[in-house]
């Protein structure tokens, strides 16, 4: 009886453990994952190369930690200072620009703080603080959270009061909460566009240069992590900056809106309509 | 050295001595009744004899072999029958399995002897008290032991059930088995016993043929017990 | 109400991806339950039957472990399996194997405690009888586990239910990788975070249906087992 159970367990175990060796692990951000970009982009790469890409989508901060521990082969995130530090400290190699979109300030349609009248992100945030309107902060050291803190610093305000709520969760959770309590929050455009539970929320402020949100790809340093599948990871990195992939990124839309602008070779992409706020035909 | 031998056996629990220096030897034959008032140590003595518990002092042997070995050469039956949560048939099969045997013929024989053939596939838990005790005796006998130990087997049963059980005991003895039975029921002791072991307050006071014991009890305690004053 | 309707529609039109997610959930949680049971059932039975050194400590520890939040289990397994951790060179972080390990750890104390609880009263019933036979410890263990099997299986299913329903451990050690380590609960978390509440709810309904099925099974097994129990 016990022997039967054991054999059965081992069989099931074995059937799960066996898996293709031709895969790489990509540590990335929820913003790219939630937008559906990977579901669209990765099958193209896998089709061309036979390499499966397994995406672990977390906040930028955590993604960087995963890559630093060697638990991923390649990193695709959106916080330039952290990315540069990652390479400088020797954890990663060959950083490349891939694409960008922008951050947007989201809030209730009624906009009690009058954020939509502002054009600068820092002024928008200052209005929220002045009116002590509810603001939901990711509080999870993600790329968006880091950018949010930088924007508060620009506005000269240190947000620390009842109206400022750090929830320690992902973008979706922050938007869900903002929708249910009529609060403001900072989101990346991709997540906002693909978010399905907008409720009374609306996009109130965008277009400020300070809201520019570039994504970069970095290979995990094989000198530090010899097990890293650098060859396959580099093929992915090479591919994502190739014309094929860059065009595909530019062509990716959701609800008829372009979500990301390719910028691996900014000079060559002049025909792509960016910033991404404009509808495409 | 055949049969049961107790040499200076004492037993205590939490510092209270419950059995005092018990010595006796008894051949493997007939029905031995262990008599004595409540709390005299009858059940304890049976457990020691079977080797379920070990004495603090002294030695219990069967045919010269320490008692905690070869337990399957004896069958043990409790006052309240303990049933395995299985069918009647599976209850009887269990002791055979322990000693690595499997004989459906033996099980069928035992079912018949205990008048349980019709109930063979019922859950043992659904049996009445008398049926369960019969099953317990059948289960104790299934490994063909030479000795049967019974701890007040009929104390909770009606006369009809008692009669069936006594019949099972007699059949076993007729088949050259020997029996140790503790009982409160003097009438039952008179019906069954060849030899009486009378204990009181943890001491073995009399050990003699049953007729002698009932006709001429030697100790005042035994006389008081038989007259219902102890 | 419309969300419920849409959810039902999604369940009924179960596509390959959904089936794959449900299948992986069941496979991971079932395997974890079997592995945990392999160790927890004999140990739980031993704890009920015998006195031995550190027994009380073991009982206290295992009971406390039942209160361990899945994320903590996930975190511990994550740190062990990470390339930077002691078991890193096996490279099983972000695989179903890692999820199975985490869930096994999570279920172990539950199956252990429930097995012990199932065997305790049975051992009280059986002890004298089994003592009267020359029975090896292994035979005793097997007998008690077998005769308490209905209650033991109930514990097993409780563990399975917990594994199937937890999200904290699998999302950390599995990474919620699409088509590879994405299970029902992590998909629900993901779809909720994407604001796709109806899809999240649809998966919740699937999960609920499985839970109902498991509980019906527990109930049925229990009533079957009672037949053999002494009621006196």
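Note that the chains take the letters A, B and C in the order they are written out, and that residue 1 is the start of every chain.
Please note the rule applied: contacts are C-beta pairs under 8 Å (C-beta built on N, C-alpha and C of every residue); 3 or more make two chains touch, one makes a residue touch a chain.
The model shown is predicted, which means the values in this text are computed figures rather than measured ones.
In terms of inter-chain touching, the protein chains here are arranged end to end in an open line.
In terms of C-beta pairs in contact, A-C outnumbers the other of A-C and B-C.
One simple way to say how far apart two chains are is to compare their mean CA positions; for chain A and chain B this gives 80 Å. Distance from the chain A centre to the chain C centre is 34 Å, each centre being the mean of its Cα atoms.
For the pair chain B and chain C, the distance between mean C-alpha positions equals 46 Å. Within chain C, no positions touching two or more other chains are listed. Chain contacts: chain B has no residue touching two or more partner chains.
Within the complex, the chain A residues that touch chain C are 1-2, 5-6, 8-9, 12-13, 15-17, 19, 25, 30, 34, 38-39, 54-58, 68-71, 169-173, 175-176, 179, 191, 194-198, 225, 227. Chain contact summary for the complex, chain C toward chain B: residues 122, 125-126, 128-129, 131-135, 139, 143, 147-148, 227-232.
Interface of chain B with chain C (complex): residues 50, 52, 69-72, 76, 78, 82-86, 94-95, 98-99, 123-126, 129. For chain C in complex with chain A, the residues that touch the partner chain are 27-28, 30-31, 34-35, 37-38, 42, 82-85, 88-89, 91, 93-97, 100, 142, 146, 175-178, 180-181, 190, 192-197.
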